[in-house]
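Input: structures, listed below.
Note that chain A is present in both complexes that follow, paired respectively with chain B and with chain C.
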Partner chain A sequence: MRIAHAGDPNSGKTTLFNAITGKIEHVGNWPGVTIAKKEGDVRKALNREGGMIRVVDLPGAYSLSPFTTEESITSEFVRNEKPDVIINIVDATNLSRSLFFTTQLLELSIPVVVALNKSDLLDKKGIVINREVLAKKLGCPVVETASTKGHGLPELIEQARIVYGDKQTAPFTGLSSSNKDQAVDDKVKHERFTFVEGLVKDVETRKVASIKQTRQDAADRVVAHRILGIPIFAAVIYFVFSLSQTYLGPPLADYLVSWIDSFYEYIGGLMGADVSPILSSLLLDGIIGGVGAVMGFLPLIMVLFFLLALLEDSGYMARVAVVMDRHLKRVGLSGRSIIPMVIGTGCAIPGVMATRTIRDDRQRRTTAMLTPFMPCGAKLPIIALFAGVFFGDAAWVGTSMYFVAILIIVISALIVQRITNNGPAESYFIMELPDYRLPSLKRATVSMFSRAKAFIIRAATIILLCNAAVHLMQTFTWSFQVVEPGMEGTSILATIASPFAFLLIPLGFGAWQLAAAAIAGLIAKENVVGALAVVYGITNFIDTEELALLSGAGEVAEVMGLTSVAALAYLVFNLFTPPCFAAIGAMNAEMDSRNWLWAGIGLQFGVGYTVAYFVYQVGTLITTGSFGTGVIPGLLGVALIAGVIVYLVRRNDHKSRVELKEAV
Partner chain B sequence: MEQAVVNNKMISRYLNKRLDTVSEHLNLSDAAVNVPYVIKGVNTSDRSMKDFLFTLGCYEGETVTVISVLTESYIINIKDARYSIDEGLARAILV
Partner chain C sequence: MLTNFIVVLIIAAIVAGAAAKMIIDRIKGAPCAGCPYSGLDNQSCQCTEHSARTI
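Up next, the complex of A and B:
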């Protein structure tokens, strides 16, 4: 038996899905969290009679007529894939709108069970619903549920089993006549709402009218305030990042690193002197050293994910979209663009996928292009490493990278707007505002551990393989001889990376080791840290004792042979060049245009190179009084990038001027 | 280059003004806070936006209430839900 979950956005479908199947899909308190179909089997405890029950969780939709891409997934699934039963999740506090979709679903000749979700909030809001009358009028079972608390689940599954194979009679019919004539279509929708209105009048009593001003409305006026909105958002972001990267994350990381160190020594001792030095070095420096360097940053990432989950659960994200809308509109984006970017601080892939909720093609593609600029969880180790080694763990390095990212996004958005915008386009913003709620520590903990698990799996698979490969390529020459001491430049890795390193000289880090690490970062950004550990033979980036950290950091800085300014340039280069291949794949899927994809990658390279160039050259000028090496060749490179942009902008202006003349 | 942008802006401002004067109705951006208004129509060329608003319950004859006015955006109540809309959409909803 296959059950589909369908219902309005933010009615709690995925929370219910997780409670029924035991899965840990991403949930959040704003409309549009789920953007793809998810499948899972009903937990044994809820499935008393046995047999497989598969549940399909679908993105939220207000009706069967899709408005955005993710809504069309839902309508296509229930129309074409013929699930055996539909569980229609209805927000019990908002029957008058939700039942519109319910009456449409009831017309599909698929048995429906209505889950009156959020029923735990009814008392608080002074709403009473007569469930029996509602079930009778709709002609389908109605079960009260509270997905966040797990209430009503056994009964819901039981009812789904009972209706399986049944024929229900739709209380209102009108779908067959839609999609033909616009006027008829509107008339049917009108009648459907009138029907729903009559229904709601019969089953629902409200002690408090929904238009009454509440404390939530007062809170909205503060957090979405014209002047206060942005500082509040900045403060929240600062709090999240400084806690994860300065105050709470690093002490926890120190603890973990001491464990990894003992493991390294334990394995080293175990192998003794009899094992071939190449093999022991591959295992110790290549695999344990490289993976360990990445793993050491796990606590920082866990703290970040925990805080992000709390933020997503609170209902604040929808308000951020409201605050940012008027600002992002000026640079050709939408308020919704901020949500992919905030999600992108966890991982760019779901961030880019979240752009699906943006309806305007240009806004969606631009957002998908710019979201990877937000430093993701995998870039966090790079930031933390450089902040620790070169800047004595200064708090400003980590947090400022996020604000630099926002600045870069704004400037890039302006450039993209100038290149692609043809005249004024009508673009509206509308977003449902969910109720604020106290974020659940339990949900945040579950989310944190599930994402930590994903991070560990990555470290143990792709990162491990890459580090082993980097180590082998560094150990051997092209004729598969072990590299002679002092002849490191003859290794496979060095010869591949050297041409790239040449291009990086004007940025202050023209060493093949650094180029190789940056290239490895394209496979997965954690690789930058792992590969640096391997190529420089450093195993311990974060030391246990604070004093040791300073001397250790000094050593690491010395081994890499970088000035602080060059290190900062290397950091921004790795953060703001194209993301990993997986994220580029996501960009490709959401942009759905080769031109946009290549333009996006080009922009990301251009931005990364330009920002790193200016950081290094200007920084060197300030600290030493003269420019760094390769200032002129680098300037030519930057001028070339600028030239391409100016050419594209002018071409667009010319085009729109011609169109304007024709229009006049 | 600058000229084209300025021209575009002027044209759009002109068009907006024309649309405003053509309709005899007030729109949501003129509405008083906390007062329920009956929707007289949705004035937009964006058909799918109009359809979408319909599914939310925002159509001729329904009631809409402005809960808060923030700069360039409005928090409104339709049916039993709160939405945030921008200035452009507020102007398109006639009451």
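Up next, the complex of A and C:
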């Protein structure tokens, strides 16, 4: 038997799907988290009768008339693939909005079971729903569920089994809504809304009038305020980074790093002096050291993931989307562009994929191009490394990176708007604000461990392989001779990275080791940390005092040959140049245009280079009173980037003038 | 000599294991190993659904 989960956005479909199947799909307390269908089998504990019951979780939809891409996935699935049963997840606290879709589903000749989800919140909100009357009026079973607590799930599956093969009668008997005539279609919609209103009046009693301002509304007036919302967001992110990188994270990381160090020493001792130094170094410095350096940041990242999951679950991130929406619209982006960018803070790939919900080609491509600027989970170890080593675990470093990213997105969107010669597009973004709720520690913990597991797997696979490759390339020359002491510049790695390092001199980090790490970051961003560990022979980035002792340098900055300003420039360069290859692949898929893809990669390189240049040169001027090395060549490079942009803008201005003349 | 051989075997096993995990995940549809958004099968991976836009 195949059951489809369908319902309005943010009605709790994926939470219910996870509870029924035991899967850990990403959930969020805001609409639009699910953009594609997912499948899983009902847990044995809920499937008492045996036999396989497959559940398909569909993206949220308000109706069967698709307005967005994810709505069309839902619509097409239930119409064409004909599941055996539909479980229609209805937000019990918002019945009037949800039943429109229910009445449409009941017309498909597929048995429907209505899950009155979030029913645990009814008492709190002073809402009473007569379930029996609702079931009678709809002509299908209605089961009260609370997916977050697992209530009502056995009954829900049981009812799905009972209705399997049944013929249900649709309660709404208006005209067919598939009519192509817009006027008739509107009339049908109006009739259906009237029918739903009447239905809700008969089954629902509310103690609180919906027009009355609630405490949530009052909170939203401040939190989602167009001006106040931004400093509040800054304060929240600062608090999150303070906890993860200054207070909670480092002590936890110290424990893990001391274990990694012990393991390193244990393996070193086990091998003894008999093993070839090349093999010993590959295993210890290349594999254990490189992976260990990345793994050392796991506790910091876990704390950060946990806090971000709490924020998302509380309903706050939906408010951030509303605050940012108005600013993005002004620079020619869609209101929906904010959703991929918020998702992109976890990982750029699903963030870029989420752009498919944007209908306008130009807006979708621009959003796909700009989403990778948001610092994703893989970039967090780089932020943590530089904030820890060069800025004493200061929380402002991480916080400012998010705001620099937003600023870059706004400026880049303006540039793209000018180049593509499009004014601010009229777009309507209606986002239903979910209720604030006390975030679930359990959900945040599950989310944290899920992402931590992913981090560990990446460290043990792609990072490990890259670190081993970097180590081998650093150990050998092109003629496969071991690099002589003092001749490190002859290694394969150094000869490959040196030309790039030359270009990076005006940015303050012209060492081939740093260039090699930045290149390795294109494979996976965590690689920057791993590669730095390998090329500098460091296993411990967490305890900076120990690092200084190990390296024999008076100051940590000397180990990498970077000033604090150059370190900040290196950080922004790695954060704002193109993302990893997997994310570039996602950009390619969503942009559906090679020109846009290459333009996007060019823009990302240009932005990363320019921002890093100004951070280093201006920062050096402020701290030392004079510009840093390579100010003029760097300025020429930046001028070249600016020149290309100006040329493209003018070319498009000219093109539009010609088109206008022809039209006249 | 024997210890060197054992270390080579260990390194080869580690590298082969890491590569195998990546290849298996790739076959199962994950764009990158360990992607938290990609589940373990094609059906549940949002990242690999480069489906044609239907609108």
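For the reader, a short list of remarks on this structure follows.
Keep this in mind: the second predicted complex is superposed on the first by the 594 of 664 C-alpha atoms of A that agree within 3 Å, B and C clash if a C-alpha of one lies under 4 Å from a C-alpha of the other, contacts with A are read in each partner's own complex, and residues count from 1 in each chain.
To be clear about the criterion, a contact is a pair of C-beta atoms (placed from the backbone, for glycine too) under 8 Å apart; a residue touches a chain by one contact, two chains touch by 3 or more.
All values derive from a computational prediction rather than experimental measurement.
In the superposed model, A:455 makes contact with chain C only, not with chain B.
In the superposition on chain A, A:186 makes contact with chain B only, while chain C stays out of contact range. Look at A:631: by the touch rule set out above, it reaches neither chain B nor chain C. Judged by the touch definition given at the top, the superposed model places A:72 against chain C, while chain B stays out of reach.
Look at A:282: by the touch rule set out above, it reaches chain C but stays clear of chain B. Contacts of A:346 after superposition: chain C is touched, whereas chain B is not reached. When the shared chain is aligned, no partner comes close enough to touch A:256: not chain B, not chain C. Within the superposed three-chain model, A:472 lies out of touch with both chain B and chain C [touch as defined at top]. Residues 359 of chain A lie in contact with chain B in one complex and with chain C in the other. Across the interface of their complex, chain B is touched by residues 62-63, 65, 67, 93-97, 100-101, 186, 189-190, 193, 210-211, 213, 216-217, 220-221, 224-226, 318, 321-322, 325-326, 329, 335, 359, 423-424, 426-433, 649-650, 653, 656-657, 660 of chain A.
On the chain B side of its complex with chain A, the touching residues are 1, 3-5, 7-9, 11-12, 34, 36, 44-46, 48-49, 51-57, 59, 61-62, 65, 67-68, 70-73, 75, 77-86, 88-89, 92. Across the interface of their complex, chain C is touched by residues 23, 25-26, 34-40, 66, 68-69, 72-73, 76, 271-272, 274-276, 279-280, 282-283, 287, 346-347, 349-350, 353, 356, 359, 450-451, 453-458, 460-462, 464-465, 468, 524, 580, 582, 585-586, 589-590 of chain A. Note for the complex: chain C touches chain A at residues 3-4, 7-8, 10-11, 14-15, 18-19, 21-22, 31-37, 39, 41, 43-44, 46-47, 49-51, 53-55.
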